[in-house]
Amino acid sequence: MARALAEDLGVFGDITAALVPADAVARGAFVARAAGVLAGRRCAAEVFARVAPGVELGWALDDGDALSAGTRIATVAGALRPVLTAERSALNFLGHLSGVATLTRRYVDAVAGTACRILDTRKTTPGLRALEKAAVRAGGGANHRASLSDMVLVKDNHLTGLSIAEAVAAARRRWPMRTVEVECDDLDQVDQAVRAGADVVMLDNMDPDDVATGVALVGGRALVEVSGGVTLATAAAYAAAGADLISVGALTASAPSLDVGLDLVPARID
Amino acid sequence: MARALAEDLGVFGDITAALVPADAVARGAFVARAAGVLAGRRCAAEVFARVAPGVELGWALDDGDALSAGTRIATVAGALRPVLTAERSALNFLGHLSGVATLTRRYVDAVAGTACRILDTRKTTPGLRALEKAAVRAGGGANHRASLSDMVLVKDNHLTGLSIAEAVAAARRRWPMRTVEVECDDLDQVDQAVRAGADVVMLDNMDPDDVATGVALVGGRALVEVSGGVTLATAAAYAAAGADLISVGALTASAPSLDVGLDLVPARID
Amino acid sequence: MARALAEDLGVFGDITAALVPADAVARGAFVARAAGVLAGRRCAAEVFARVAPGVELGWALDDGDALSAGTRIATVAGALRPVLTAERSALNFLGHLSGVATLTRRYVDAVAGTACRILDTRKTTPGLRALEKAAVRAGGGANHRASLSDMVLVKDNHLTGLSIAEAVAAARRRWPMRTVEVECDDLDQVDQAVRAGADVVMLDNMDPDDVATGVALVGGRALVEVSGGVTLATAAAYAAAGADLISVGALTASAPSLDVGLDLVPARID
Amino acid sequence: MARALAEDLGVFGDITAALVPADAVARGAFVARAAGVLAGRRCAAEVFARVAPGVELGWALDDGDALSAGTRIATVAGALRPVLTAERSALNFLGHLSGVATLTRRYVDAVAGTACRILDTRKTTPGLRALEKAAVRAGGGANHRASLSDMVLVKDNHLTGLSIAEAVAAARRRWPMRTVEVECDDLDQVDQAVRAGADVVMLDNMDPDDVATGVALVGGRALVEVSGGVTLATAAAYAAAGADLISVGALTASAPSLDVGLDLVPARID
Amino acid sequence: MARALAEDLGVFGDITAALVPADAVARGAFVARAAGVLAGRRCAAEVFARVAPGVELGWALDDGDALSAGTRIATVAGALRPVLTAERSALNFLGHLSGVATLTRRYVDAVAGTACRILDTRKTTPGLRALEKAAVRAGGGANHRASLSDMVLVKDNHLTGLSIAEAVAAARRRWPMRTVEVECDDLDQVDQAVRAGADVVMLDNMDPDDVATGVALVGGRALVEVSGGVTLATAAAYAAAGADLISVGALTASAPSLDVGLDLVPARID
Amino acid sequence: MARALAEDLGVFGDITAALVPADAVARGAFVARAAGVLAGRRCAAEVFARVAPGVELGWALDDGDALSAGTRIATVAGALRPVLTAERSALNFLGHLSGVATLTRRYVDAVAGTACRILDTRKTTPGLRALEKAAVRAGGGANHRASLSDMVLVKDNHLTGLSIAEAVAAARRRWPMRTVEVECDDLDQVDQAVRAGADVVMLDNMDPDDVATGVALVGGRALVEVSGGVTLATAAAYAAAGADLISVGALTASAPSLDVGLDLVPARID
């Protein structure tokens, strides 16, 4: 937050707002200009708390609430100068994080009616992981690993000089309380992973039919995560195939910003 | 950078890579999986310098170079563990920043053959402004304001209790060396801005015909920037209308990540 | 690390070492003055790398290695001034972290011959959690939660307005991939936790007989962690009762520093 | 403080407390579970101010006050969720720092009735020096050097190429206002140090009889500090021998955490 | 700010103020002891807000206001201890920044009656650029570049392998919106710079007559900045010669601190 | 250091140096343009190490060495771009800190032939205390307190509700190892301070005759520091009056920057 504000204020602060009369005030509202899901409310509130501490925000909605074009998110009232200075930083948080929540919600809706959960990945924007993962939750998704130290996730390249069974056993020995997942490219690996006692089996880049076969093979002994190349068009098929979890890198790596604006009516104090 | 690495390493570091034998090594390459423009090379290099200091990177390309699906960006050779640990953080920088550069290049190509320049805006991802603006340059675009203290940009809401002429005069008095720009919604404002001596006139949300009229009115006395709602489909028309500059918020707010991967061949040392 | 060095160097740096002739050199060794287990090698090395970059350290041992009184841990050779300046900071890391590793090893040894693992807790010294948890691993223990966001651990006070079953279900829904543990004060709660599908059942402040009963009731459907009041004298009994895990706050909260010193032979360069 | 909270909150914050109903409240108290001396009140208060800003703390005691098992230190009242989230961080500060104050008080009590003061050393936990030294004061001790730039303390290894007289003279010349102390291993060095005009003479690893001889030799011309191997059992003898100051590394390096808990009665708001 | 306070408080805080009775209070005022211009009010206020939060400051003046010896700047009322602790840090900000504002005002007064503006340079005290540049504005001056990324300023040494015309053209191509200035040592360079379309021409180390010739040559096509060796004695002559801007490194590099003190009347609470 | 570089590089780095051909090189030297004393060498070296890591600096002089106009301080050789980028930051450190050292040396020379030492004060530029105090030492001065926690310095305002004797006694009890100084406005206070056992007596704003009387009264039982209003013209008289120490706020608060430049000969690589 401090960094985001510092990069927008620069050395001299807002040299244009300083031209505005000190007694000018403004009333207005943050308004969605497109349909979506709100996220980033606390960030926007903190931007105003730091840059425009005397300006009042009246929040009508909270993270996770649905937005249509024209939905008023929060009212704004106070001195004009600090409102103008805080505007873009607040909108950048709202737009980016609501964009993540909105795309997540679309995936969640795509698998509605099943028990399948939509997960994010570690493909997050550098420096924003905690915020983006919170936005995924606001959109109805769940979080995969927060970091490399959270869970054990054995991938192909880790199986250099050790088998799946050995990897899972070593993971259990070192990290007895943590979730252990194994990425599998084929059914033979799925079989090895389940026998080794993995908590989660990741089916990587498989089509829905193969996933259905994998789910049957696992037989409830582990959670099944589908990963790789799942789109809004194909998510339902994977869920129908019995996947417990579908992870989607695009949620955080490629969500377009949601268009949110600040409509203001400036005025001079009488 | 420190923050991005800290958020990916977490408290314990990479607990999966630690399962891999210490003497395992890897050779491979960062490879583009889609066409685009490279950006973020220095970030990826710094990730490896910090997380995998003994691993050798051999860069074949630099920021701004064109990528096709399959283009090798850099070779990687060294111990397997740190390569696996550094992989995702490096890819997150490359993917995000190359995504920005790639979208920029598409806009630049759309106005090719004219003198029109593509600009970014302040709609950047919080905390990443300097990196994203560098990626815009890598894509062939130019940078608008870095921060609120860089230039004076008078918008509608600033004109509360003062005229365009008064705003420009005040700006010149306070900041005699800095660029002064005025956002105009109609031709009357354009006329005022030019007479006031603005360096740049921003034509906001106008169609190409209105822009052509505005350009004629300005008559070379100021630069003309077009802003608001310009798409890849309409950019050429605005350039043809004589705009000097087109600013596009989507370059940094909505560029999808470019798909870049790391292809590895792990091995044990003989 | 930066903080630890800043607090020891102060505003003027080492004003006593500055009295020593610039050409004085020293040879010597870090030596254990009591039996124990080494931890903190990387910290001590980093202290020297920052404060005494030209001084050579030759490490004879690594974290986790056993120490007796008199064991040489690393040799030191270089200019006397920076060695004297770096000495205390390096020893503070070695002493504190080896103290943690040493106490951990004593608990690990106490349950040797069983499958029971010794765990740390969140009772760590403020600011040193990652280092102390690494020292626990060096001592042969395993790590419980790194932070409140790592796993779900439902305790008594969380069961305000919701049952164990509801808590576990809510945890699974929100955090489908994370370990869920329930603290239980009696066998009825153990039964509820296991039926709710908890991954780990914590038996809190029970004696070994009750633990044995609890283990039987769980019947392998979850891991059993014993917590609260376990000492070196009683650890074996709990392990014998079938506990999978024993967590001990004292590992990080009350481990005395291990006595490590730096024996030096200063000299003038001939 | 920020660091300690960040390491306990992790990426997602307290994912277990989030399961608790938002309207649950709690009343309770921080309670000592063993006898000792309180320290760390300001740290605990700051933890709550940051993590649980709406929760009221009512402090009954201040740093330096005596604690028995069962003593109520402060009352707590407010929303349950933030109380649970703040609990462990606050207790870690209270436990660690009260542990330091408690051990200090025991040494202070051991020399009661004499003019001898108990001092800490630079053997502090990395990053916590200021807090631990404040805890020593809370326990009735006094502080030796805060850092290497505070005072001049000439030890054996500094006397490479220069005599005690030369070292003291150089120290006075460079730092005319700062305390100059000389570590002495025998009476000859004591004599040299006093003649050189040292402010403090440190008698290192001597028995009480030798200390008495040293004190007589010094004859009030300098303060006499005893250092090295003093225990609770021997402190009184050193004080009786006339030592002005006794420094004890264990105060900060090996004080066990004092057992402090938070007793809570959670409830739903009616 | 945090850094300035940390360096003055040190490890233990204000150990002298701690000797004062806790119930002692003080009334007083910040008072100028010499004539000048106030700057640094916000810094001094923040020092008190952090170090002495309960102490009331009543500001009589704001940055830019004139001071005579004896002018009361702000009243102070509150507990004595924190006032004494905050005093020096607040005075250091007020003294240093008012010193900059005062020297600036003297230059501004020297060119009064002309349109010439006084500018600062990048010769600022390391770490204090933003504050010192604000003090220059408080003194009536204007700011040159904030940093190397603000504007293009082509100097002699940049013209290695490229001409003035090439440098200006390259700058325009890369940075179409930013001010481009060229440092000129003679009239031929001035001619080149103006033809190349530079926004500002810097006349370096010329006497007033040469400046007048340069101004005539430029003929209003660019702003003319005079730089190098201008003193209070010669500034008026340069302004009379038609310089638009005079930059003076001494404003920030060599302004003596303005003498500001804190007059206090301490008392015990009755 | 990081802060100083960040404020000069800004968001885009050096946009002018980027116009220079990448293969341009430069040879040159840092040169004093006025007489004085060098300080800040390590800072300048670190600027180049960070901004221009491939550029070679050959230092001819070290901190404390005398400079005349034209003295070459260090040679510079390497790529032109980074040299130009690093130049101003390096010069700002050299100029400011050499300014402090130079003014200090003038005071030191003024008291040459006596045992009197010149001291700095806490009137330092915010954030630069450690560097400025090192520059004072480079100029031959000595350092007074580094911070409020270094020594006890009892001033008038501290004597609210307690006598000098009580203040000194309390200071000794709390801080048995630290220097205790008392500021005295008249001989009666001097008498009290010496009887109380103060280590240093500060004679505040007295003329040389009164100082001589004070020195006689002290009679060697404490150091005598003269403070307040001492100038280069009067320093010798105070030293002759027997002052052990003279503290001068102007050393750090009002030293003009020493003029140091970088003379370069740029070239293209053949």
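For clarity, chains are labelled A, B, C, D, E and F in written order, and residue numbers in each chain start from 1.
The rule is short, and it goes like this: a contact is a pair of C-beta atoms (placed from the backbone, for glycine too) under 8 Å apart; a residue touches a chain by one contact, two chains touch by 3 or more.
As the structure is a computational prediction, the values presented were derived from the model and not from experiment.
Novice: Over half of interface residue numbers shared between subunit C and subunit F means same, under half means different, so which is it?
Specialist: Different, since most residue numbers here occur in only one copy.
Novice: Let me spell it out: compute each chain's centre from its C-alpha atoms, then which one is farthest from subunit E's centre?
Specialist: C
Novice: Taking each chain's centre as its mean C-alpha position, how far apart are subunit A and subunit D in Å?
Specialist: The separation of the two C-alpha centroids amounts to 44 Å.
Novice: Could you work out how far the Cα centre of subunit B sits from that of subunit D, in whole Å?
Specialist: A distance of 52 Å separates the two centres.
Novice: Could you grab the centroid distance between subunit B and subunit E? Build each centroid from C-alpha atoms only and quote it in angstrom.
Specialist: Centre-to-centre distance between subunit B and subunit E: 33 Å.
Novice: For subunit A versus subunit B, what separation do you get between their C-alpha means, in angstrom?
Specialist: So the centre of subunit A lies 22 Å away from the centre of subunit B.
Novice: Tell me, which residues of subunit D touch at least two other chains?
Specialist: In subunit D, the residues touching two or more other chains are 7, 10-12, 129-130, 143, 146-147, 149-151, 174-175, 178.
Novice: List the residues on subunit D that touch subunit C in their complex, please.
Specialist: It is residues 1, 3-4, 7-21, 24, 26, 43, 80, 84-85, 88-89, 91-93, 95-96, 99, 122-130, 146-155, 157-158, 160-162, 167, 170-171, 174-175, 178, 249-250, 253-254, 256-257, 264, 266-268 of subunit D that touch subunit C.
Novice: Considering the complex alone, what residue numbers of subunit E touch subunit A?
Specialist: Spelled out, the residues of subunit E in touch with subunit A are 129-130, 133-134, 143, 146-147.
Novice: Could you please specify the touching residues of subunit C with respect to subunit F in the complex?
Specialist: Touching subunit F from subunit C are residues 10-12.
Novice: Which positions of subunit A touch subunit C when the two form their complex?
Specialist: For this pair, the touching residues of subunit A are 117, 119, 137, 142-146, 149-151, 174-179, 181, 199-200, 223, 244-245.
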